[in-house]
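In the two complexes that follow, chain A is the common piece, with chain B as its partner first and chain C second.
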Partner chain A sequence: MDMPIPNILIWFIFLLPLASFVLISFFTKPILKKPRLSGYLTIGAVAGSLTLSIWTLISILRAEGHELVIPDFNWLTINGVINIQVGLVMDTLTAVMLIVVTTVSLMVQIYSQGYMHSDPGYHRYYAFMSLFTASMLGLVMVNNLLLMYVFWELVGLCSYLLIGFWFHKPEAAKAAKKAFIVTRIGDFGFLAAILLLFSQTGTLDIAQIHSLALTGAIGGTILMWAAIGIFLGAVGKSAQFPLHVWLPDAMEGPTPVSALIHAATMVAAGVFLVARMFPIFEHSPDALLIVATIGGFTAIFAASMGLVMNDIKRVLAYSTVSQLGYMMLGLGTGGVAIGIIHLFNHAFFKALLFLGAGSINHATGTFDMRRMGGLRKVMPWTYFTFLIASLSISGIWPLAGFWSKDEILVSTFDSQPVLFYLAMATVFMTAFYMFRVVFLTFGGKYRGGTSSQTDTRPHESPMVMIIPMVILSVLAICSGWFNVTGDFGHLLGHGAEHGFIEGFFGILTHPLPWISLIMAFAGILLAYAIYSKNWISATKVRKFFSPIHTMFFRKYWMDELYEDIIGEKILNKGIFARLKLFDSKLVDGAVNGVAEAVMTMGRAIRQVQTGQLQLYGIFIILGVLAIAIGLILWG
Partner chain B sequence: MDFNYLTLIIFLPVAGAIVISLVPGLSSKLIRYIASLFTFIPLAISIFLFIAFDRSTSVAGTIQFEELSPWISAINANYHLGVDGLSLPLVLLTTLIGFLVVLISWKINTRVREYFAWLLLLETSILGVFCSLDLLLFFIFWEIEVIPMYFLISIWGAGRKEYSAIKYVVYTLFGSALMLAGILSLYFTTGSLSIIDMTHSGSAMVQSLMPAAPIFFMLLAGFAIKLPVFPLHTWLPDAHTDAPTAGSVVLAGTLIKMGGYGMIRVCVGIFPQVAQDYAQLLLALAVINIVYGAAVTLRQTDLKRLIAYSSISHMGFVLLGIFALGELSMVGAGLQMFSHGIVTGLLFAVTGLVMHNTGERNIGKLGGLAKQIPFIAVIFTIGGLASMGVPGTSGFIAEVTVFIGAFSSNIVDGVNVYTIISMLGILLAAAYILWLLRGVFFNHPLEKFNGTADADRLEKTYCAIFVAAILVIGMYPMILTDVIRTGITPIANLLGG
Partner chain C sequence: MEVGLEHYLILSTVLFSIGLYGALSKRSAVVILMSIEIMLAAVTVTMVAFSRYIVPTELTGQIFTIFIIVVAAAEAAVGLAIIIAIYRRRENIDASKIDLLKW
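After this line comes the complex of A and B, so read on.
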C-alpha cells in the first residue's frame, strides 16, 4: 500500500455501509426474500470500510502535515447567502475514529451472526446497523458543521431504532423514546451554537471557523457561548451529567447494539465533537473548565451508581458514562490527544465487556447477576476475555486502559487538583464494580439463570461470537501500546516521543502510576473480599451504608425528578394541560362567544325588519340626519 | 412562452369536474379514472414547467410563463397569470397533492360524482391563487375555495362535521372580507390591481389617501387566518378532525400554504417597510404559534387532531421565516411550506389508513400495531421523523434553513432571541411524535386488531410517492432552493438587508 488512497475510495468508506443499508431495505428482503443475505452484506461492507480506513490511515501518516485534501461539492448553495458543501476532513483525528468505528463495527456484526441468529427481525437489525455504521463514519469525516449535525442526528435516530428494536416490549419502546428526547435537549445547544457561529462568521466550514477563532476574529463571549452550546450537544450524546439518564435505559436494546452504539462509538461522538471543535474551546478557558468539571464529576457520579446495580448491562452502562466523563476530563485538562486516546482504548475494552455480557446472556437467558455465578468453568473463553477487559478498564499495567487513564490523571494532576482526587477515587470504584461483576458472574456456584431455563445448563457461545471477542481482547491488551512511545499523542498534537522500551517500563519509575495502580488493586481486593471469599458480608455492607446504598440504587432519584416531576407534573399535566384548556375554552371560546353575540344581535335586529316601508323611510331619514349632524359638528 | 401552460394547469381539474358532473351514467370507477386523469395532466405539466423554469441568477424575479390579457378594462383588471420562484414550487405541490388525493379518495363510495367534482374544483381554485398576478383574480380564486371545502367537510366528514364546516366558512369569509377591503383600498390608492406593478414601484404608487399600515393589516388578516396564526387558529383543528382524509390532506397540504404565500407575495412584497415596522409583533406571534401549538399538540389524544395541532406549530416556522425578513429565512419559509405540504399530507393520508382499517382514532385505545400493519407503521414512522425534522427528510432542511436564515437576519432586532425560543418547537415535536408512534404502533400487539388490513397496492403507491418526495428534498434541497431563491431575492432586495 505504498500508493496513497484515491479520493474516490475514501468516499466509499461511508458509501459501502450505506449501500448495504439500501440493499437490505429495498432488495434482499422485499425482492430476493433472502434475509440471511443481510448479515453477509453488512459484514462485507464494513470489512471493506475497515480495509479502506486502514489504507487511509497509512496515507494520512505519510501525507504532508498528516492531512489529505479532498475536493468538495455543493449541497446547499444560495449565492451570497449560504454555501454548504459536502466535503471530508481527513486528518489524524478522523483516521483514528475511522479505525475505531470500522473495527468495532466489524467485530459486532460478526458476533451478531450468532447473537441475533434466530431473531425474526434479523434483516431489520442489519439494515439499521448498516445505516448506523454509515452515519457514524459520515459524522467523523465531514468538514462542515451542519452536515456533522445531520449525521449527529442520524446516529441518534439509529440509536432510537435499535434501542426500540424489540418495540413490542414496553420498556424498550419507552427507553427508545427517552433516549431520543434527552439527547435532543443536548442537540438544542449544538444547533444554537451552529446558528451563532454562522451568524458571526457566515460559514459553517469547520476549518474556516477554526482559523477565525485562531486569529481572534471571533472571540470573547460569543466563542464561549458557541463552545457551551457545542458542549451541551456533547453532554446529551455522551450521556454526561445531567443528561446521562437515557444511557442506562438504552440497555433495553440488543446487546451487540449496546456494544457498538452505546459503548464504543455513538456515545463517544460527544467526545469526538469537542475534540473536533477544540480550537473553539481552547480560546475559551471558561468553557474548557466546564468540560473538565462536568467530565470529572460525571466520572465519579456514574461510577457510584455502577457500584450497586444488579443488572450486568446496567453496571456496564454506568461504567460507560463514567469513562466518557474521564474522556471529557482529559479533553478539558489535557487537550485532544489525551481524551481521544482514552476513547480509542475504551472502544475496544468496553465493546468487549458488552459482548461478554451478551455471551453470558446467550448462555443463561438473564442479565441479572444474582442468577449467574460459576460460569468460569463452562464459559472459559468468555471468562478470559471478560477478565482481560476488566483488568484493562481498571487500569492495570501494561494493559490498554492503564496508558490512557494515566495520561488523564497526569494532566488533571497538573491543572485541576480537586478533579484529580475525584478521578483517583473513581479508579478505585471502577476496579471495584468491575470485579464485583467478575466474581458474581464467573465465580462461586451457578444460581439458576431464568426460571424457564433452570434445567438447561449454561454453555459456551458459538465460535462466531467467540472470535470477535478474542480479537477485541488482543486490542484491549495492546491498543494502548500505540502511545507508549508518545507517537500517537504526537500525531494528535500532544506530547513528546521516546523509545518503546523506555516508555513501557520507564513509566513505572514515576510515582503517579503507582498510586493509581494501588487504588485499582485495592478496588479489586475489596471486591474479592466481599464477593469471592465472603470475608465481609455483602448484606452487612449494604445495611451499614443503607441510606447511601439506597441513593445509589435509586439513581439519586433523577428519573423521578425528570419523568414524574418535571415531565409529568410540571409540563404535561401542568403547563401543557393549562395551555390546552386555554386554547379550547378561552381562544376558541372567545370566537364562539363572538359568534353567539352576533347571532343574538341578528335576532334582535331581525325584529326591526318588519317589511313596512314607512318604518324604513324613518330609519333612512334618521340616518341621514345623524350623518349630517356629524359632518357639521366634526367636519 | 406562447403556449398557455398555466391556464391549462389551472382549468383542467375544473374541466374534469364539469365532465364528471354533467356526463350522465358514469360509473363510480370511471369517475375515479376521469378524476385521476384530469389531475395527472396538470401534475405532468407542472413538472415540465419546473424543469423548464429558468433558474439563472440574472433573471431572478422575472415572472415566467406569463399570460396577460385584458379582462375588465373599466377597473383595470387583467387576466394576468404567471409564476416565479416563489409560486412555482407551490403550483407543483398543489398539482402533486391534487393527484394524490384522488388516489387517497379511491375508497369513497358515497355520492362519488359530487365528491370528485368538489375535489377537482378545489384544486383549480388553489392553483388559481398561486398563479394570479392580478389582485381581483387572486381574490376570486381565493373565495371559490370555500365552497368545495364546505361541502367536503359537511357531507363526507365525521363527528361534528356541520359545526366544523360552518366554522371554517365563517373564519374564511371574515378574513376575506377584510382582505377585500384591503384590496379595494390598494386599488383606490394606486389605481392598479397588478401585484407586480405594485411590488416594482413600491410605495411610490400608494397615494396618501390612506396610511399603508391599515391596508397591510387588512390584507394580512385573511392570510393570517388561513396560515393559521394564533389566536385565529381554532378553526383548523376542528376542520381537520372532522374532514374526510382527502379533505385534510388538501387542507394541510396546500390550502393553508395560500396564507404563507399571500404574506410574502402581497404583504411583504407590496409593503416591505410596514412589514419591517411590525415584524416584532409577527415574530412574537410566530413564536407563540410554534411553542404554544406544540405544547397543545402534546395533550391531544385524537390521532387527527394531534396532527392538526402539529400543523399550527409547523406553520409557525413559516411565519418566523417570513417576518425575520432575511433572504435565507424567507427561502426557508418557502421550503418549509413545500415540506410541510408533503410531510403533513402524508401523515394525514396514513392516519386515514389507520383510522379506516382499525376503526379507531383514539391514541389511548390503539397500540402495538407495528406487528399487524407493518407497512403503515413504517410509512407513519418516516412521516413522523420528517415532521420532527430528522436529517435526510425535507422537514429537517426546511426548519434548519429557517433557523439559520432567521438567526442571522440583520433586518429585525432581536430576531435571534425569537429563533432560539422557536427551536423549542423541534424539541416538543420529538416528544409528541415519538409519543404518538409509541402509543399507536409499539408495545404489545392488541388482540382486537388482529387481522387488520395493511395498505393495499394503491395505498402503498401513493405513500411511496410522498416518501420519495420527502427524501429527495431532504437529501438534495437545492432542487427546490434554486427555484425559490429566484423568487425571494427581489423581495429581499426591497428590504435592503
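After this line comes the complex of A and C, so read on.
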C-alpha cells in the first residue's frame, strides 16, 4: 500500500455497492433466486469499499496538502452556459466519512446475516442496504452541489424504503412516509440554497463557492440565507429540532437499518453537509449562531424525552437526536473538526447500541424494556458490548465518547456560556437514560419478553451477530484515541498536536473534564439508585414529576402539533379546503360555465331545424332569388 | 302573331312556378310528386324551345328531353313506392307531419 491509490479505484469505492445493488435487483433475485448470495455480494462489495477507503485515507495522509486531485469530466452542458462537471473531492473530511460509512455498513451487513436470517424480504433488504451505502458514499465524495443533492435525495429514498421495509405493518408504512415528508421540508431549504448560490455565483462546484466566500465575492445577507437554507436541509436529515419527529418513528424498520441510519448514513448526512459547506457558515456569524443554538437546544430537548421512553429503540433514537445536537453544537462553536470527531466516535458506539438492542430483541422478541430484565447472565456478550457503548456515549474517560464530548464542551464553554450549561445538563441526562436502559434490560429479573414467549428462555445471539458487535466495541473504546494527540483534529484543520501519553492523562489535569465526568457519574448513580437498587421508587419519582413526565412522555405534544393542528386543522381544513373551494368553484366553474353557455345557445338555435322539408325548400328558393336579384342589380 | 322563343319561355316559367308553388305548399305527398312532374315538364319545354330556335339543325334539346322523361318516370315510380311505404306505416301521407329530420 505504499503507492497512492489510482484514480479509477477511488470511483470504485462508490461503484462497488452500487454494482451490488444492480446485481441483486436484476440478477441474483429474479434469476438465481439464491438469497445467501445477495448477502455475500453486499458484504463483499462493502468490504471492498472499506479496503479502498483505507487505501484512500493512507494516500491522502501522504499526499501534499492532504488532498488528492481527481480530474473532473463534463457531465452536461446547457446552451454552453451552464456547464456541470462531475468530480470527486478527496480531502481528509471525505476520507474520514468514507471510513465511518464503510466500517459501520460492513458491520451492519454482517450482523444482518444473523438478524434477517429467515426474513422473506432478504434479497430486497440487501439490495436496499447496498444502495443506501452507495448513496452515502457518493454523497461524501462528490464535489458538486447538484450531484450532492441527487445523492442526498437517494439517501432519503433508501431510508424511506428501509424504514418501510415491513410495509405490510401500517405503523411501518406510516413511519416511512413521515420520515420522507419531514425530511423533505428540510430538503426544500437545501434546494433553495443551491439555487440561490447558483444564481449568485454561476457555479455549483463546492470548492469554487468556498473560494468565492473566502474572498468575499459573495457575502452578507445572501451568504447568510444560503447558509440557513443548507442548515435547514441538515436539520431535516439530521433530525434537529423542530424536524426531529421522524427519527423516533423510524424505529419501525429492521434494527440493523436503524443502526445504519443512526450511525453512518442518513443522519450523518446532515452533519456532514454543514461540515462540507463550512466556509459558507464561517463567513456568516448569524448562521453559525443558529447552528450552535439549534444544536444545543436539540441536545437537551431530545435527551429529556429519552429519559422516559419505555421502548429501548426509542430511547436510543432520542439519544441519537441529542448526540446529533452535540455535533451541530460542536460545528457551530468549534468548527469542522470538533463536529466531525464526534460524528466519527458516535457512529461506532451508536451502531453498537442499536446492534445490541437488535440482539436483545432477537432473544426476547420485544423492544419494551418493561418486559426485559436479567439478561446479563444469559447474554454476556451483548451485555458487555452494550455496557461499553453506554459508557462511551455517557462520556466516561478514557472511552471514545469522552474525547469528542470534551472537545465540544470546551469550545462551547469558550464561546456560548448558556449553551454550555445546557450541554452539561445533557451530559447528566445522557448518562442517566443510558444506564436506565442498561439496568432495566440487563439487571434484575427476567420479566417475560413477549406474551407468546413467556416460557422460552432468552438466549445469546449467534456468532455472526456477536462478532460485529465486538469489533464495534473495540472501536467504541478507542476511536477517540485518534484525537488524543490532536492529530485527527489537526487533519481537519483544528488544534495543536502533543504526545499521546501526555494527552491521554494530561486532559485530567483540566477542571472541565472533571465536571463532565462528575455529571456523568451522577447520572449513572441516579439510574443505579432508581432502577437497580430501588433506593428511590421509580413510580414515586414519576408521580412527583407527573406533569413533566407526561410532557416528556408525550414528546412535548410535537406529533399532535404537527399532525392534528398543523396537518389537519391548518392545512387540510384551512388552506387546502380553501384551495379546494377555489378549484371546485372557480376553475371548475369556468370550465362548466363555458359548456353550459354553449348548450343554452344550441338549445335556442336548434329550433330553426323544424324537420319540415317544404319550409327548407322555401328558404332555398328565397336564397336563390336573393342571389339572382343581387346578380341582376350589382352583377 | 308570330309565336317566338319568348312565348315558350314564358309558358315554361309559368308552368315551373305553378309546380314550385305546389311542391312547397301542398300537404299531400302525391300532389307534391305531381307538382315536381310539372316542374320537369316546364324544363323540357325550355329545352326543346332552345334547341328549335338556337340550333335548329341539331336535336340536342330533344335528346335531353327524352332523357328527362325517362328519369321522371323512374323518379315517379320510386317516389310513389316511398309514399306507399309511408302510408303503410303512418296511415296518411301528410308531408307536414313527416318531420323526423330535426333535432
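As a working rule, the second predicted complex is superposed on the first by the 587 of 635 C-alpha atoms of A that agree within 3 Å, B and C clash if a C-alpha of one lies under 4 Å from a C-alpha of the other, contacts with A are read in each partner's own complex, and residues count from 1 in each chain.
What we mean here is this: a residue touches a chain if its C-beta (ideal position, glycine included) is under 8 Å from a C-beta of that chain, and two chains touch if they have at least 3 such contacts.
In this text, all values refer to a predicted model and were calculated from it rather than measured experimentally.
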| item | value |
| --- | --- |
| First (chain B), second (chain C), both or neither touched by A:Phe188 | first |
| Chain B versus chain C as contact partner of A:Gln612, first or second or both or neither | second |
| Contacts of A:Val541 with chain B and chain C, given as first, second, both or neither | neither |
| Touching partner for A:Ile518 - first (chain B), second (chain C), both, neither | neither |
| Per-residue touch tally on chain A - higher for chain B or for chain C | B |
| Touching residues on chain B, where the partner in the complex is chain A | 57, 170, 230-231, 233-234, 292, 295-296, 298-300, 327-328, 331, 368, 370-371, 385, 390-392, 396-397, 400-401, 403-405, 407-408, 416, 419-420, 423-424, 426-427, 430-431, 434-435, 438, 441-445, 476-478, 481, 485 |
| Interfacial residue positions of chain A with respect to chain B in the complex | 74-79, 81-82, 146, 149-151, 153-154, 157, 160, 164, 167-170, 173-174, 176-177, 180-181, 184-185, 188, 191-192, 194-196, 198-199, 202, 572, 575-577, 579-580, 583-584, 587-588, 590-591, 595 |
| Chain A-facing residues of chain C, complex | 20, 23-25, 32, 95-96, 98-103 |
| Footprint of chain C on chain A - complex, ascending | 606, 609-614, 617-618, 621 |
